[in-house]
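Following are the structures in question.
Two complexes come next, and they have one chain in common, chain A, joined by chain B in the first and chain C in the second.
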Partner chain A sequence: MRKMNLKPMMNPHSVAIIGASRNPDKVGHVILQNYINAGYSGKLYAVNKEADEIMGVKAYKSVLDIKENIDLAVIAIPAEFVPQAMEECGKAKVKSLVVVSGGFAEIGNNDLQDKLVSVANKYNMPTLGPNCLGIMDPKSREDTLFLPTFKLSRPQVGGVSFVCQSGAVGSTVLDLIAGEGFGLSKFISYGNAAHVDEVDILSYLMDDPDTKAIIMYVEGIKRGKEFVELARKITKKKPVIILKAGRTAAGMAAARSHTAALAGNYEEHEAIFRQFGFTVAEDLSELLYYAKILSTESFPSGGRTAIITNGGGVGVITADAMASTKHLTLADFTQKTKTALRKVMPPLVNITNPLDLAGDAGEERYGAALSLLSADPNVDMILVIALFQTPGADSRVAAKLISAKEQLDKPLIALSIGADYTKMHRIMMESAGLPVYDSPSSAVKSLDALLKYAKYRNGK
Partner chain B sequence: MRKMNLKPMMNPHSVAIIGASRNPDKVGHVILQNYINAGYSGKLYAVNKEADEIMGVKAYKSVLDIKENIDLAVIAIPAEFVPQAMEECGKAKVKSLVVVSGGFAEIGNNDLQDKLVSVANKYNMPTLGPNCLGIMDPKSREDTLFLPTFKLSRPQVGGVSFVCQSGAVGSTVLDLIAGEGFGLSKFISYGNAAHVDEVDILSYLMDDPDTKAIIMYVEGIKRGKEFVELARKITKKKPVIILKAGRTAAGMAAARSHTAALAGNYEEHEAIFRQFGFTVAEDLSELLYYAKILSTESFPSGGRTAIITNGGGVGVITADAMASTKHLTLADFTQKTKTALRKVMPPLVNITNPLDLAGDAGEERYGAALSLLSADPNVDMILVIALFQTPGADSRVAAKLISAKEQLDKPLIALSIGADYTKMHRIMMESAGLPVYDSPSSAVKSLDALLKYAKYRNGK
Partner chain C sequence: MALLEYFEARKLLEKYNIKSIGSKYVSSASDAVKFSKGSGIALKLISDKALHKSKAGLVKLNLSDAKEISFAYNDLVRKGKNLRPYKILAQEMAPGGIEIIIGGRVDPQFGRFILLGLGGIYVEVFKDFALRLCPITQQDALHMIDQLKSRNVITYNGKSTKHLVDLLLKVSKMISENGSITELDLNPIIIRENGYDAVDIRVLK
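Here is the complex of A and B:
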């Protein structure tokens, strides 16, 4: 398998932005501004034929004039000028490239894309794109995304890397992730995959210590054999969640029209994904749902699940949803647990699973239930429903769930549904590392996916 | 079928709050405060044994001291005192009651609940509850919900009424509805259904001109025969979306423990629901998704759907999701439409369905596409994807979609996924009457549900 050195691209100490501009309508302006706003920790250079300085950053006529080590050049100029700019990068010994410019194979300009690939190979410069958003890393503050932060929120630092072919899909999911308070290690949008492709990126992320789990959106996979070889290895080390577009004939036709990639037969792909332990998502939201739980690295030994709730009806709906999963069952608490629960709970609380703590339940009842169910050998996983509309639920309940998560050696997730006040608590819990869901079905599907992956990884 | 007069309860001109209190921890305090904050348009009386005045509202020792016509008394006092308070209401000729107090059949106090029913019957006072949240009406500003507005947002005025047995389910869905900018006609949480039940409420809403569609959450249906009789009539007049808890053995057991209601056999229920044109939801979020589209009263003549997008990948995923529905197909545009689209669209736009307007598409491209596809006889419904992270999408695109919705005689929905900037536009569009979805699967499932209901109503 070919091995590209993606480190200078993924963690650059110096970046040149070719096409940086004073004109706020230009892509190169937004990219430079995002590097500045994010507080990028490395050295920053602007390349522009007409300016000496842009937004306080020194500008050069050509990358050849910089005369310093450049780990990464971000190219944001019209497609026709890209090969020439790449030539200059090659001569300047730039270590890697991200070409955000569109106008290549995706609109039939195959010759121009071939030229791009031949320059990349000539100088041995790993090149991401073209027609991509590039890379965003909340830790190093690398940010080649040409979308302003007021439109597209950036997530905090976390343990999941997101590999995405399409820029539009990438930006919407990235925005969703940021809005939920979920953290990301790296976001990589690779567009036409002319040079660096999904196999190269996955190889890199497999050994990246900052990446605990990977989510990916692909439209086509070019090097099927290498992909399979890699898949076999990677899922034994870390979870990979995948959404492949073109699942149906209609979708496949649409995918063909959208990129130059061949969509391939979905059934074959899916069978391979599942065989090698990938977690398959069927909708954009599932990418995020599964990432939340799989990145916790807390794996269950079975599917016996306890449900704690402060709203009986939502407990019932969740039990309903659980019955439609493949591996989950409602845990049967031990007699010891039942007796202990009966002692600490008020009479109106029935000692059953789901355990309905009632609408006036506060941190004490949640704390007692969590502590007793954590210790119950019949309970493999815990799903806590906290409805913050109820009289008893407040930030102390959220804090109790967070501390339970920190202490627990069993998987624990929360389910909270609602608007502003709830959203605030959701973000609080999610930011503290407790996976939070917004519907019974997404919560139980995610526990089911976790158990499935845990079984695969244990060779069962 | 018995006919209760629910008008004084649903649209009261005068309300007495029994158990109104100065103590902010008391349910009666929150209820009185909510009536005051909401700007309730009718006359308001407080009943409290110890105060002369509470928050500026004159207080009486007993409802008997008020000596004015009272359409509704809201009872928020400990369960044991409820029958006596109801006796006084009966003597004072109060026209209807909402008993929010818990502590009746749901915790085994069947005798106390029987007493409540007998007093309600003795004085012929329709009584909602006990153990319920009661009623919220954004138009009349009736608001018996004992949950403060900072925890539970209240929705704006709209055309959907929401009937909900469980208080916890009711409040979470209500909060979701408010957070999305979706409007409601009435929210009715009926709890133990000791006296007024789902059949009485549905009968009322069937003839309520402010109610264009109904969503309901039930745990058990008491009067099955009457329910079926009513169902047959109501779905020919307005759509009813139903979520019944206890779909599975696990859920049914949980439901039995949660309320005194018998959950019944779900398969039987579901078959009846579907036979009589109910739209069946399987998760809380589906209640809202289906309500959005079904309340527009715009019904399609077929399932040929056009997808417009500014992100190719999301178009592909949506086409995938569409293929898994029962009735939807990708519309095959007429040659006339294709020619016209080719003329107005830039070369990079492929004239296919999904129609990918590209990431730089602004109001002009959206406007042109909407206008041409509206006129295409091969298109029954339009699903517009507007990703607000992209360079071209802004508030003018949202405004264009809203005006298209106003002019169009075909169903039109929007799909926008993302965080803050997107959320702002989602609320803007939803508030203006354009149904907005947050995932491809929820959007296509909702169009499918709309078509199914349209066919039922047309007798197909």
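Here is the complex of A and C:
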């Protein structure tokens, strides 16, 4: 398998922005502005034929004039000039490229794209794109996105890396991730995949210690056999959640056999994802739900789940949702646990699963229930429902859940449904590493996905 | 792509110890009656021009006496006029069971796939199937079964799981080792608690 060195691209110590501009309408302006805003700590160079200086950054006529080591050049100029700029980068020994510019194979301009690939190969420069957003890494403060920060919020540092072929899906999901507490390790939008493709990117992320889980949106896989070879390895190391577009384009009409009629292109992709332990998402929100739980690196040994709640109805709805999954069951607490719970809980609390702590439950009841259930050998996972509209629930309950999460070696998730006051607590808990869900079905599906992945990893 | 002749396809299956139902080409109604030896048979018209036999009324099942057999045979001959060249295949009736499909196909990008699903006429109605890349492991075979909504039906609540897994592994081996197979339909295979019979075999090369 080919091995591209993507380190200079993913974690560059020096960046040249080709097409940096004083004109705020230009893509190159926004990219440079974002690097400055993000507080990028490496060396920054602007390349522009006319200006001497842009936003306080010294500008050069050509990348060849910089005469310093350059790890990454971001190219944001009209497509026709890209191959020439790449030639100059090659001569200047630039280590890697991100070509943001569009106007290549996506509009039928295949010759120009072929030219791009041949220059990339000639100088052995890993090249991302063209027609892509590029890379964002909140930790190294790399940010090649041409979308201003007031339009697209930047996520906090976290353990989830997001690989995305489409720029539009990429920026949408990225904005959603910014609204979640779990945070981002790297965002990589690779557009036309002319040179660097999904296999190269996944190979890099497989060994990236900052990446705990990967979410991925693909339209097509370029190198099928290499992808399968990689798929066998990567999911044994870290979870990969994948959304594949093109579900409905099954080529039914011309098929000669039943097998060919059933097993279209999407089905084949899905089969491979399943076979090699990927978590398949069916829409954008599922990407986030699954990422949240799978990036915690806490894996269950079975599907017996305890539900703790401060609202009876929501507990029942959640138990119902659980019944529709394949592998989750309501845990049957041991006699020892039941006796201990009976002792500490007030008479209005029935000792059953779901365990309804009642609307006036505060941190004490949550704390007692969590510590007893986490010690119960019949419980593999715990789902805690904390409804912050109730009289007993406030930030102390959230804090109790966070400290339980820190001590627990079993998977624990929270379900909190509601508006502003609840959202505040959701972010609080999630930033501390506790996955929080906003609907019974998403919570339950995510636990099911976690269990499925854990089983795959253990070879079951 | 060409359809492999029925008995050649059968020979290929035999090489992998995949059981198929007793069959013979017949050239007259009395030939068919003789084949039946008094027990139930099926008659099928086989032609490159007819891909979906049961939809076209080219499959006659549960023919038990001479009168029924002759009537069915003559009807197939009549329908075959526009489907020449054709042959008429007589088959023993498999003991009752559940119809499943096991199939295979080649994808230029990823390689060779195996499919398991609820079979017979239900294939395209329920689209209840699982697909994996070959060769599969025993674990993969179990996951394929588990993925089906009809898993409890086709495994008789788990009782036939073991021989279904065996069968899947054999077919996967056959698909993997025969590079010239481009598509394969074993549909239906009649599966029972304690055994199975491949009834229709379609191998495209």
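Throughout what follows, the second predicted complex is superposed on the first by the 445 of 460 C-alpha atoms of A that agree within 3 Å, B and C clash if a C-alpha of one lies under 4 Å from a C-alpha of the other, contacts with A are read in each partner's own complex, and residues count from 1 in each chain.
By definition in this document, contacts are C-beta pairs under 8 Å (C-beta built on N, C-alpha and C of every residue); 3 or more make two chains touch, one makes a residue touch a chain.
Since the structure is predicted, the reported quantities are computational estimates derived from the model, not experimental observations.
Visitor: Name the contact category of A:Gly302: first (chain B only), second (chain C only), both, or neither.
Guide: Neither partner.
Visitor: After superposition on the shared chain, which partner residues are touched by A:Asp175: those of chain B (first), chain C (second), both, or neither?
Guide: So A:Asp175 only meets chain B here.
Visitor: Could you tell me if A:Tyr421 is touching chain B, chain C, both of them or neither one (first, second, both, neither)?
Guide: The first partner, chain B, only.
Visitor: According to the stated criteria, A:Glu267 is in contact with first (chain B), second (chain C), both, or neither; which is it?
Guide: Touch status of A:Glu267: second partner only.
Visitor: By the touch definition at the top of the document, which applies to A:Ile221: first (chain B), second (chain C), both, or neither?
Guide: After superposing on A, A:Ile221 lies in contact with chain C but is clear of chain B.
Visitor: By the touch definition at the top of the document, which applies to A:Gly362: first (chain B), second (chain C), both, or neither?
Guide: neither
Visitor: Let me test your reading of the model: by the given contact rule, A:Gly433 touches which partner, first (chain B), second (chain C), both or neither?
Guide: In the superposition, A:Gly433 touches no partner, neither chain B nor chain C.
Visitor: If you lay the two complexes on top of each other, which residues of chain A touch chain B in one and chain C in the other?
Guide: Touching chain B and chain C on chain A: residues 257-259.
Visitor: Quick check on the complex: what are the chain B residues that touch chain A?
Guide: 27, 107, 146-147, 150-153, 165-169, 171-173, 175-176, 178-179, 217, 219, 243, 245-251, 253-255, 257-259, 282-285, 309-317, 319-324, 330, 347-348, 350, 352, 354, 356, 359, 387-391, 417-423, 438-441
Visitor: Per the contact definition, I'd like the list of chain C residues that touch chain A in the complex.
Guide: Residues of chain C touching chain A: 1, 51, 101, 103-105, 107, 109-111, 113, 115, 117, 123-124, 127, 129-133, 136, 139-140, 143, 146-147, 183-185, 187, 202, 204.
Visitor: Quick one: in the complex, what on chain A touches chain C?
Guide: So the residues of chain A in touch with chain C come to 221, 224-225, 227-228, 256-263, 265, 267-268, 270-272, 274-275, 326, 459-460.
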